[in-house]
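Here chain A shows up in two complexes: once beside chain B, once beside chain C.
This part shows the complex of A and B:
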């Protein structure tokens, strides 16, 4: 009788140990093929490094993290892949997403299956304004970038503003948010030109000349990735950057844009990076950059940094929740006025109402140096989180 | 007798599938049915009239958007949006067809492509109504149709109806007339057939049924995006049809099965899936010029 009790106790112990060591499964969706695959692969590297570190330190709740990566493709392919990860791989969390439209397609599906989705890159404000209970974003969104840009712009003496942005939701919303906010802060600005090249255009000359004809003092631009590179290369010979006094771009601080431009990058552009690998100059950040560089042979771009931090922040939430139950993790993100997580780049605060993270935003002026084959941000200017906190329609 | 045995077997497999397939496989099976319906609809024009439409995504997408917008903005129950989706797709097909079917071969192809891209641009840009590139998201087609089992049977029903319609049409005088026009328009006219009317009718019917496929896609995906109307979607249905064999009535369905399953399988294994998929399709087209259905030697009308 007594022997049976011992066996039973041992079995329970072994059983619970086996249970405890069962991995936490995360399905990560990134853009791994096509024109913007360099964004997706950088994010993937950030996740890999974070998971490696977490698992080396004993995992989360004593359980290792196991990530399955998937290429998200177009919205309908992404929904299929999300369903595969949920139904076949039985993931506990969905993670990542580069494209805004893909995030809008996947979020309701993840929410329906009660599999929490943590978004680390897609930046449409609409995602968090859907107010879905199981959807979180651990990086800043385009509206916060626009508000930060407006905060800078309001301090400048320039009144004649113009815009050039990709002709789709992101470009339109970025400009609308920017100019609305700027007019609130500085009512006497005027808009002299708006240029809307197609997303993915290769020829910008007509837009550049149209912009220059309008004689703006300052230009806001949300061209990103390859568009930013093509525009920059074509605008230099026109003398565009010499005729305008101030150029601000909320996505220009991406290494995917600065590296191809190399030493030709115009200096003095005010650009944002969400995460910039040289900021802050803390030991922790330096160690991260070194580790990343040793492992992948490249510096961490902003979205690699955000993917890395997103994974760490999710791990912190699970740890705080004490379980991987979706409702417990949701509560952990929301409790105590929202989860505060100390990231390399500063404090990330999860607003409980809409599950959007707010943080200090890193901006800087482009400058070519001898140390790097591409332009870096110098000097760096930081917009405090409080300047980017916009109202939300979600309520808790 | 042998053919009937096969028919029973296929019917039993299709009916039993939701109870055998695990969750994700069932989701993929629904996608197969949707593409099969779309491809069979497309082939009504392609095989019977010989006209290659490169604009069928427009009908698929308009059907999807009709259903999605009615659910989102007017809170219509999902099933009721079916006639509306089919109706709008038919109306659009009538309009595009009116201008396109008079032209022949390559001009028809280019014209349908141009019209479809035009419709895509409208959907993509009209933020106030279609949501632009944000699409229409977060749809809940009700308790019942959110369940994959129910959706599977609905998709199966619509696909089978379309399939039977295609068979019926093929054997009807209407089908003969279309093929007569395809093979020799001058002679067809000489015996008193009016090509314009026949071609327009076939094109409209085909567009309407493509709209039904879009209607199903909305329930599966819970959202509608401009991608549904983009030319790549038109290419998808062409590839599936040619892969399966356009000259066989079962070809488009067979092609859809292979195309979707292959896509799902390859994409889950490698990020270089477009390359792998391209190579496999290239091989199939090169070595099976009559499509997969050509393997069995089955031809339409046999």
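This part shows the complex of A and C:
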């Protein structure tokens, strides 16, 4: 009898030890204020759900995950917040980031302090091309979207192309990557107009008329967020979508943009979503969407899905490493030809050289249906990962 | 380049100019009469868009009465803000007012985020105006004519108010010499409340009027107040007609800049601002600061 008591006491001790184990601290930087707060808050929700599930299943390496969220704001502010999280909160990992310029500013800081940074949203290809050893991206980047768009565009009969994109790094790089790739695949295309409205513009009418005057058959656009919504609302009454035969817009499949447009969304736009809540039609994905909707009252947007999967993929890497040591986690991401993680949306493969994830990309044509108050992607078209694997200058 | 297209481009510039005028005129009016640089002006513009969205419950057909209601709400909000927050700082150094209005900007931004959430809100134009009209063989959104007409109407009414009514004359007098006005027995505090309320109401009207073609989110306040400042810096801070001229120039420069050098279209507007600041630092129609003796 006495022996049993000891065993029981030991078991309790071990059990409470696991519970009381020191948490793995993660500092998550997202855009939680300003014009794009809706993106940041969706990402935050994705992280919250992932962490809740991980901790409910006993945490990682028997340790719970503890996330501190911070509003990253501008690059300067983000660097300050990142340093605060590293030095004061003593976080083991940095996570998240919505804005490209913020990611470029924070990455060198994280790298210097040897605190691995896992990026789930910011999409500038330059981030992973910096070849920083402790920086990883678990979502696809803008170059992969541009290459996918070019793959679609090359199959179209259209030769006269034009661009409209926000006048900053993301817009410029997206178009450059797209048109360069398209000309490789289909040398006879011609650029008839390029329009560069200021990021966050409210009025697009002059750009729309100038674009239409150049009589392009097809238009590539990297407008996103509120810009995409305002542009869409203004372009419709100009008859833009009636005269343009083919309109392709990476990240246009964001619920943040499709929900406010509602039933007024132009149909037949080819847009990408990184993650789209209705794809794939697996039980696991349906369960995730339901759980997310029950908890937050919204469908998971693409960046909520990517934040959720990013956290799960990081957990998988830590589990594989058997430790939270930065070099061990780095090795876990890189070993065996790169970590392969089975996400809801498909297989995510971490390329060891540049720490960029490659995966099948979900695109689709916008369509208004009775089932949802906003346009959905129908039909969905999936671009296989191999079509987006661009060469990297990083070496491993 | 054919005349038809130039006309179309001119009209797009005019449409943008009218939204800029509605946005900026209140800022100029308030500065003129009260001497306050109102950083929260863009926030009232944003609030107007949210209020419209809220009062019509997402139904575009409610636009007309919705806009009237928003203007009424704007008057009430403006009067309350002036009476409760602005009045205590009138005698203080300018940076008190700047800090106060900047704080107001932050409070309103967080306030709308709490009330409406961070998602973009959008309202289409009423069905009758959702279609293009044809201008020289090219489609042009019918709603923009409403926007242009509204800006002209507001400019006309303001002209009548300032030039043809007694209160308007007092407002103009207040911009020149507030103390003298008080000495003459005019109830200046009441007048200032009225002007501030009017300025705020104009901002909310501007926000509401652009919602059918744009989208609103908590962050647009900052973008809006920057645009408003560019307009009044060019036109002259404190001058209603300056706001009209500044908005017109910026709208048209953007419209034609896009045609001439699309790669640098947004630089033209700032270039204009630089030139104005160098040549006439008080703005095109502004008054040079009086030399104090």
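Methods note: the second predicted complex is superposed on the first by the 376 of 396 C-alpha atoms of A that agree within 3 Å, B and C clash if a C-alpha of one lies under 4 Å from a C-alpha of the other, contacts with A are read in each partner's own complex, and residues count from 1 in each chain.
Here, a residue touches a chain if its C-beta (ideal position, glycine included) is under 8 Å from a C-beta of that chain, and two chains touch if they have at least 3 such contacts.
Bear in mind that the values here come from a model prediction, so they are computed numbers and not experimental data.
*Asks:* Considering only the touch criterion stated at the top, classify A:33 as touching first (chain B), second (chain C), both, or neither.
*Replies:* A:33 sits against chain B and chain C alike.
*Asks:* Is A:75 touching the first partner chain B, the second partner chain C, both, or neither of them?
*Replies:* A:75 contacts chain B only, not chain C.
*Asks:* Name the contact category of A:197: first (chain B only), second (chain C only), both, or neither.
*Replies:* A:197: touches chain C, not chain B.
*Asks:* With the two complexes superposed on chain A, say which partner A:159 touches: chain B (first), chain C (second), both, or neither.
*Replies:* neither
*Asks:* In the superposed arrangement, does A:229 touch chain B (first), chain C (second), both or neither?
*Replies:* second
*Asks:* On the superposed three-chain arrangement, identify whether chain B or chain C touches more chain A residues.
*Replies:* In the superposed model, C touches more residues of chain A.
*Asks:* Kindly classify A:293 by the partners it touches after superposition: chain B alone (first), chain C alone (second), both, or neither?
*Replies:* A:293: touches no partner chain.
*Asks:* Let me test your reading of the model: by the given contact rule, A:215 touches which partner, first (chain B), second (chain C), both or neither?
*Replies:* In the superposition, A:215 contacts neither chain B nor chain C.
*Asks:* Considering only the touch criterion stated at the top, classify A:104 as touching first (chain B), second (chain C), both, or neither.
*Replies:* first
*Asks:* Once the two structures are superposed, pull the chain A residues common to the chain B and chain C interfaces.
*Replies:* 33-34, 37
*Asks:* Which residues of chain A touch chain C once you look at their complex with the stated criterion?
*Replies:* Residues 33-38, 40-41, 167, 193-198, 200, 202-203, 205-210, 212-213, 225-226, 229-230, 233-234, 236-239, 256-257, 259-262, 264 of chain A touch chain C in their complex.
*Asks:* What residues of chain C sit close enough to touch chain A in their complex?
*Replies:* Against chain A, chain C makes touches at 5, 8-9, 12-13, 15-16, 19, 109, 113, 117-122, 124-125, 130-132, 138-144, 210, 212-215, 217-220, 222-224, 227, 254-255, 258-259, 262-263, 265-266.
*Asks:* So in the complex, the part of chain A that touches chain B is made up of which residues?
*Replies:* Chain A reaches chain B through residues 32-34, 37, 69-71, 73-77, 79-81, 83-84, 87-88, 100-101, 104-105, 107-109, 112, 124, 126, 130, 132, 168-169, 172.
*Asks:* Spell out the residues on chain B that touch chain A in their complex, using ranges where they run on.
*Replies:* Chain B residues touching chain A: 22-24, 27-28, 31, 124, 127, 132-135, 137-139, 146, 217, 220-223, 225, 227-228, 263-264, 267-268, 271-274.
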